[in-house]
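Heads up, there are several structures right after this.
In the two complexes below, subunit A is the common chain; its partner is subunit B in one and subunit C in the other.
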Partner chain A sequence: MTEFQAVVFAAGRGTRLPEVLGDAPKCLLPVGPYPLIWYPLNLLQQHNFTEVIVVVLEQEKLEIQSALENTPLKLRLDYATIPSDGDFGTADSLRYIYDKIKSDFLVVSCDLVSNVSLYPLINKFREHDAALAMLLFPSGFESDVVMPGPKSKHKPERDLIGIHAATQRLAFVSAASDCEETLNIQRHLLKNRGRLDVYSRLVDAHVYVLKKWVIDYLRRKENISTFKGEFLPHLIKKQHSKRPPKTVQDTTSEVGVVTKNEDHVLHYVGHTILDQKITQTSLFNQSLSQSPYHGDIVRCYGIQAPRDAIGVRVNNTLSFLAINRKLASIWNNLCGEKHPLISPGAVVKSTQTKEIIAADNAKLSEKTSLNFSVFGPNCIISPKNIVANSLIMSNAIVEEGCNIDNCIIGHRAQVKSGSVLKNCIIGPNYVVEEGTHSQAVHLSNADQFMEIDIQ
Partner chain B sequence: MAQFEKEIVQAVLIADNNVWNFKPLSDEGSTALLPLVNVRMLDYALMALNRSGVEEVFVYTSLYRSSIREHIRAGIATDAAWSFKMTVHVIGGEGCRCFGDAMRDLDNKALIRGHFILLGADTVTNADLRPVLEQHKRQAKFDKGTAATLVFKECANNVRTGNEVLIAVDRRNDRLHYHQRLRMHHKENRYQLPLDVFLGNSCVALHHNLLDPQIAIGSPSMLSLFNDNFDFQTRDDFVRGLLINEELLDSRIYVALLPAAQYAHKVNNWPAYQLVSRDIINRWAYPFVPDIGLYKLQQEYVFHKDNIYKSPEAHVSKVALLQNVVIEAGSHVDSGSVISDSVIGANCRIGKNCRLTNAFLMADVTVMDNCRLEHCVVGEGAIINEDCDVSAGCVLGAKSVLPAKKTLAKTLITRTPSRRRSDDEVVVELKSIGPHAYIVSDLTTGDPEDSECEDLLPQQPLSIPKMGDLLAPLDEISYCSDFSEDDEDASRAVTPLPDDTNIFLGEVIDSLTRGFREKSNPDFLVLEINSSRYAYNMSLKEVNFNVVKAVFGMQSIVEPANDNVLVAINAAFKQLGPVVSNYIKSEDSMMDCLKALEDVYEENHLVRGKISQIVHYLYDKDFVSESAIQAWYAQLDEEEHAHLRQSLAKLVAWLDQSSEEDDDEEDDD
Partner chain C sequence: MVLTSEQVPQTLKSKHKKQRQRNRPRNKRNRLEDSHSTTQETSAIDATSAMPGNAVDPLATEKTRDQIMAEREAKKLAKQAKKQKTAPTPTAATPAVLTTPSAPATKIITEVEQTTITTKLTTTTTTKVQDAVASKTTQPAAVNGKDAEAGEKTREQIKAEREAKKAAKKAGKGGGAKVEGIAQQLADLKVAEKAPVAASAAPSTTEADQEKKKPALSKAERRAIQEAQRAAKAQVQTKKAQHAAKAPPSAAPKGPNRKSVSPTTAATSSSPVKCPASTPNVDCRVKLFNHLVCAKEDSQFINDPLVHPSIARLGVQYAKRTVVGSNARCIAFLHALRQVVHDFETPAKKEFGRSLDAAVKHHVDHLHKCRPLAVSVSNAYKQFKNQLTQLPADVPETESKELLVHFIDTYIENQIGKAAQAISGFLQEKITDGDVLLTFACSSLIQFICEEAKRRQVAFRVIVVDSRPGCEGQELLRRLHATGIPCTYVLINAVGYVMAEATKVLLGAHALLANGYVMARTGTAQVALVANAHNVPVLVCCETHKFSERFQTDAIVYNELSDPNQLVRGDKCQLSNWAAKGKLLPLNLSYDITPPELVSAVVTEVAILPCTSVPVILRIKPDIGY
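Now for the complex of A and B:
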């Protein structure tokens, strides 16, 4: 049996990037030459994983499967499907695939593009017999990219993450929007635990290393639906709880209610008497109190990626554009040189190109100036075009004499000749009429979707 | 300008503080001259400054200016350790009533020319403050609004002496963003910090385990800030004011932490006095240890094992001293007495068979035979007669005389019979226990706010902190925290995540409670409940169940007047009956209703007691039919609902019987 199994969540619906999604699954969004989901899978492959469980929606399974078959992956993929109609949260999905988890496991989100080494994370997990270890990135990957489309009050969601400096243990993870005016910090999080660092600009990479028993516990907690929003804070809180005394029959109650003993998190931890004896005799004590780990049996750790590591979560339109624009410059750091940026099937006749990525069968004509841009499969760029900082998605056509700067041109969209577009989002299948001059607008066919600002 | 050619290092020393905390000894002289392990506190502070390379010190005093001046003069005359390469000025006046006044006065006198070290005379530290001063100057060059750098020291947070703080510091530049003094007698369960502190900075470090030794590096602007803001009374006011009006005052405070090897503590009350004495005896404050001639430049003690410092001129047998004892010249201990963890001043006499633990005796104290002294301070020249038991934080004022065979605990004794209250000039008669011993109760000492240079927390209870066993609070804390954690955990477990059903139930309860109180039209309530029903997508079954549950969940039934639940139910159904019967019509819905009752039965012990009457009542008022009750009773699990079945058995039997007899005679319960 392997030490760790890996689970990649690819059943997200991509609610935060409606403009670019079209009808394709979120995990198949094109990031450079590959679909989004290839990046976390590649990351796992680089860490010598051979088998990965991919959680997908039932209806999207075939599409994802065929897309991944076209990529150079040696992983054995085990597709776990969840019903498309059910409103499954991440925790629900984990509960759903409960039977597949046989050992400690990694959970990775399909929208992670990173070159970070997971070994420090895994080693911390091993070293301290942790219940959970999570990876954190510094934010700001997309800070220098202007969001195309109409100006909106784009407020990134921020987490407040408290980590004990000496031990890297997580004290709390909470969304800043959940707090009112003040942040409440319990005394036991501060007492005898030294310095507590509170970070507001770290991004949860959605890479978690988890103990097997965690999913047993999660299975019990049926009212918990999301992993990040509900289960993670719950588990982190439970770190400090003490094992309740063995159930005593409630004598006051005439009914004799059976107390659910297994309801408590600590009954799930495989903490044997031998473990206790080892702890007692061990000289190891990192904490400032009498017993190692303050006697906490559940331990959660937060590991920060090194500063120079690349890490971005492609979960909104802005980060999607940012990763595509910057991909060429970070490609070698990200994946090594093994994977060519200009697909062999692409036809690139343009001579003035700088840091571009062209997918299979993209036709980039001569007499064009193409910089810092990504060209999807089957897209056609006619001669006499200037395209900079943009993303041209599959089957899109740009006719002659256009100037496109910081735009997203959707699938099968068409930009007719002479158009000048800056900071625009062109929806899928949309046809930009000849000679259009537009700036900072979102052009799309009809109201295919409503934009709901959840925040 | 000439003064910039060589900038001399200046320091300000605030004396005469903590007057209230050190009563009654502070009535007789400056607290700065109180001996701590037989050396005046002022000398510790001066030596700390001397070691940090300070060249000019201003000692700011108010009440006892002459005695402090006299002490400084004597120190220079006898070549005290601090008198080299350092000039000491004593300034101040009677009008100065608080720390803020002192700062304003200093600003007006224009004595301070650059960045300066600010210290209380009650600080004991062996820290080298030069690196902190340099860091402050660098910071000031970078940020013109640098007002001060506060110096903190990490500590074990087990004993609170009123100096512990919780601060939030920006990790990038050590800027202070939040400052909260931890209360001495109160353990906070949680701390509330403004969210902006965290959102505005990428990484903020929270330090909870810090001790504030009242050391600061001030910029010249610090003094003028005090002058501009006349409401700044204490240093804490200054910190608070600057943090709140950061932009308005354009000033910032930075933080420096002392390295682990350096010692710093403030002696601001008796527990701290005890703590620091212990630390000095245990050599944590090295080189400030008793066997190095701290003040007189001559060795006064011989250092024995177990931290026993014995003057060669003290007459005491070795057996008498257990551990951690300092005994000065001229003292005499008779046979049979045992001393540990104590400090004995010069020329003390201790009789036979005495036990002294954690006792602090100033000079010329006489303790007669068979006394027990524990956790107490005895002022200069005091006499304790035979067979006394003095413990738990007692303080005996100078020259007081304790009669024989007294047992004292937590009491302050003074020699003088009466005391004037500082504010209203009322003479308070003190309770006498001897011709030269009067009990000072905490209340007669006056409000702490009234006394000089006080920097206590306003919330602090009106009681002078007393000495005690330093280890005792430790257990209490750990017990406390465990308890609170458990407690919290329990409450967490009880509150389930609100799902739609619970929200729906909550809304129905709200609607019904309001309808019941305001006697509103039942039709409107039905409308309200129905709209809630559609909002949460409840099935009809769930609605039936929850409406009945909601009726029984109303406050008036959960906590009925006089615990008479039947009356309450009757009142509720009188008003809300139409609402209930709107939902409970069919046999199925009656089953839902009884199921809900089953739930209520388990939650509400009053209902539990009267369940058969309640079911009977519902039957009487035609909410539930006979067959529904029988069907419900039949499906109740034999084991799980044994009690419920038992309570209902009679009723069901009666129903069976009455149906057989076809008797519909009604009996009111």
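Now for the complex of A and C:
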């Protein structure tokens, strides 16, 4: 019997990455020499997981499967496909894979790139027999990266997270956009629970450790669609629930009573008399004037990652460029020496290179100057090119005599000879004409872009 | 006396010769003449027979001839070298005239001084040695004169050497010889100064022409005398300097010797201090307690196939002290073990009992790594193994599992639940109205007893004694206060003040050892000792499932080390950052040992017993079949 199962959500559509996505799945965006989904899977592999359930869209399964087979990964992946036509949220996906979950489980998002150790999170979950333990990162990884393309103000999404300092229990989690100007805090949180710290600069890592009964309870709550936005605040609020007194059942309303019992969260918690005995006889207590855990049976904890840990959520174009830009400098901390930055399958003939990353089947010709750039799989760089601070995505072609600086060349894009591009975003499948001189523009196929907007 | 008188001119001669050697050649010749004249005078005075007198006369005549020749040569040299000196000749004549009338007076004075000098010479060694050297140097001059005089001088030399040896021996015995020598040398110098004056007076009477030339010599003589005095002073200073110089070299070698000794002693003293100091620094552990195993850091594993999830959770709870207390740990252990039995699947081609035994052993080892097992947990594990071996082999697996689960439930109910009720029943007879119960730290059994007494409407009070770093008494205080029992809370340093109020001391126990010693939270022995000093009865409440077969009389042989960082009370505490300080090693022991002399009785579910009855209970317990 395994202690924890791992679930990786990889069915996202990347609605916040329109400039670079195209028709490829979000989880296969190139981050360095490997696709994006490889990084959470590698993290789980380092923590002794042997089986991972990967939730993917049905039509993307084959593509994802073939991409992951080329990467150095020893996990056994169980692909759980959800229909492509439905509007599945993360909670809906969890309900969909209910029968695969047999023990406590770990939920990870596919856009996590991190080297953080999960053991403190796991031990906190074990220590207090918690219902939920989530991981929190300090923000600010992409604050020093210049966004190419037209000038637009980047507004990062923020969460307001309330944590009790002494016990690290979660008081509330809500998106900052949900609070217009005021934040309403329950009175009992301040009155009985001691000091409350409210953070607005922590990033939710989308790493959750959950009890098995949580998914039973989630299965009951059919109206909840998203995990982070709806179910998480709901579960945190349920910490303060008390077991209702048993009422005498009338013959006429017997069905109603049963329904009420099944609807209550404490119905699903496996808290036995022995557990009560252990709590009573144990001398442990973090509070001087209250009973242990204030008598709460449902307990949610938030653990902050160490300050020096690397933790990035690649969920928008800026963070996508930032992680690719800085991957060479943090690679040893992130993955160690096992995986080289320049893939063995890449063909690098250039003699002037500095901190570049080349994926499989990348062709970097001679007589080129390549600095601080990432080259995706199957891309072709012709001779007499200068590429700096840029990201060349998969299947892109750069012809002779081009000068590219701080640009994103999209998937299957083509840059004709003699082009000079600076601070530009080239959309997927776009062809840059010969001799183009552009600066701070977003070049893409308007039709496809319109299609993305419609979606 | 004759010998001594003869020695005196030899000393004078030797001094004169030394002076001449240092001075100019003119002065040397002049002094030779002076020395000859002085010897003639002394021999004439001392002579008693006519023959020596006759011998003296031709010597005088011969010397006068020598003097004339020397004077002539001196005159020639003076004229050639210094023509200017001829001008002051009239001034030199007058002092010569003045000196001539005093000649007989000086002779008398010299005789008196010689007698005094002879007495002093007996004690000196250096002067006689110099005399011997001088006598040797005078040999060629004597040979030039007459052979008979030479023979006499050689005899005198032998005698002088003998006396010198004797004097040397005496001087060795004497301490102030050097000082006397210096004084005598000064006196000799004075005598030498007067002798040339007398010598100069004699020739003046012989010739008037020579009187004019003598003032020039007298100038040279005066210069020689002054130079001799300066040389003598210089010699005296040099000797003093030598004496002063001898002291530093004698002190200098002693200094480095002492220094060389002190660093060796410092090294020897520092080396034993450094060696044990460095070793604990590496381990951050007190040396006396190296044999006690510290709990390791957080468990770094996920999805270990050999560890059940409930055991993994329990291990972290043990390590983090979330489940604390002997009873709580036992119940939690049995609860997790129950889930292990429930989820256990027998491997293929293996027996259920043996494979389950191996799996449970692995789990218990894992828990022991997280935190050393409590006595209650060890006893529960032994009982479980005993039950496992007694399983019938032909029963199907599900029934065996049910039997084991039933055993676990029965064990929890009987050993902990009913035992608490029995102990409480015994103690209710002891707790009466107006009682003041004193207890230390926190014990679930003591809490149960107090709640039961409260339920029986007994009017009593509880004093909770607590100690750092755990401060577990606060939890007991909270629980008793929630029940409505009046409480007093003190730290262990104030136990002496509150013990006078107490009528009984109730203590919980982690274990009761086979020799009657009580193993409990650190501080329990101190409370029992103070109670004994105040003649307050001490009752230890302990279930029989906490009885141990181990013998132990101190808290060092076996104990459990807690985290030393618990002793740090914040950033301003002196102990903060103690690992950086090389010689500071906090020690946080979990348990101490209370001797049975301090315990009035042990209250168990069997009976109220003395401490020495533990082996009896351990022996009859299997037969009774608790």
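Simple rule for what comes next: the second predicted complex is superposed on the first by the 432 of 455 C-alpha atoms of A that agree within 3 Å, B and C clash if a C-alpha of one lies under 4 Å from a C-alpha of the other, contacts with A are read in each partner's own complex, and residues count from 1 in each chain.
In the analysis below, a contact is a pair of C-beta atoms (placed from the backbone, for glycine too) under 8 Å apart; a residue touches a chain by one contact, two chains touch by 3 or more.
Small disclaimer: the values here were computed from a predicted structure and weren't measured.
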What is the contact status of A:Glu230 with respect to subunit B (first) and subunit C (second): first, second, both, or neither? first
Looking at A:Phe49 after the superposition, I want to know if it touches subunit B, subunit C, both of them or none. Which is it: first, second, both, neither? second
Partner contacting more residues of subunit A (subunit B vs subunit C): B
In the superposed arrangement, which partner chain does A:Ser143 touch: subunit B (first), subunit C (second), both, or neither? neither
A:Arg187 contacts which: subunit B (first), subunit C (second), both, neither? first
When the two structures are overlaid on chain A, which partner does A:Phe284 contact: first (subunit B), second (subunit C), both, or neither? second
Does subunit B (first) or subunit C (second) touch A:Ser241, or do both, or does neither? first
So which bits of subunit A does subunit B touch that subunit C touches too? 288
Name, in rising order, each residue of subunit B that touches subunit A in their complex. 156-157, 166, 168, 171, 187-195, 197-209, 477, 481-482, 484-486, 488-489, 492-493, 496-497, 499, 601-602, 608, 640-644
Residue ranges of subunit A touching subunit C (in the complex, touch as defined): 1-4, 47-50, 103-104, 118-120, 122-123, 126-129, 274-275, 277-278, 280-285, 288-289
Tell me, which parts of subunit C touch subunit A in their complex? 298-305, 307-309, 312-313, 315-317, 320-325, 327-328, 331-332, 335, 338, 343, 412, 442, 444, 472, 474-476, 478
Complex interface listing, subunit A residues touching subunit B: 158, 160, 162, 165, 176, 179-188, 190-201, 223-224, 230, 237, 240-242, 244, 254-257, 263-264, 288
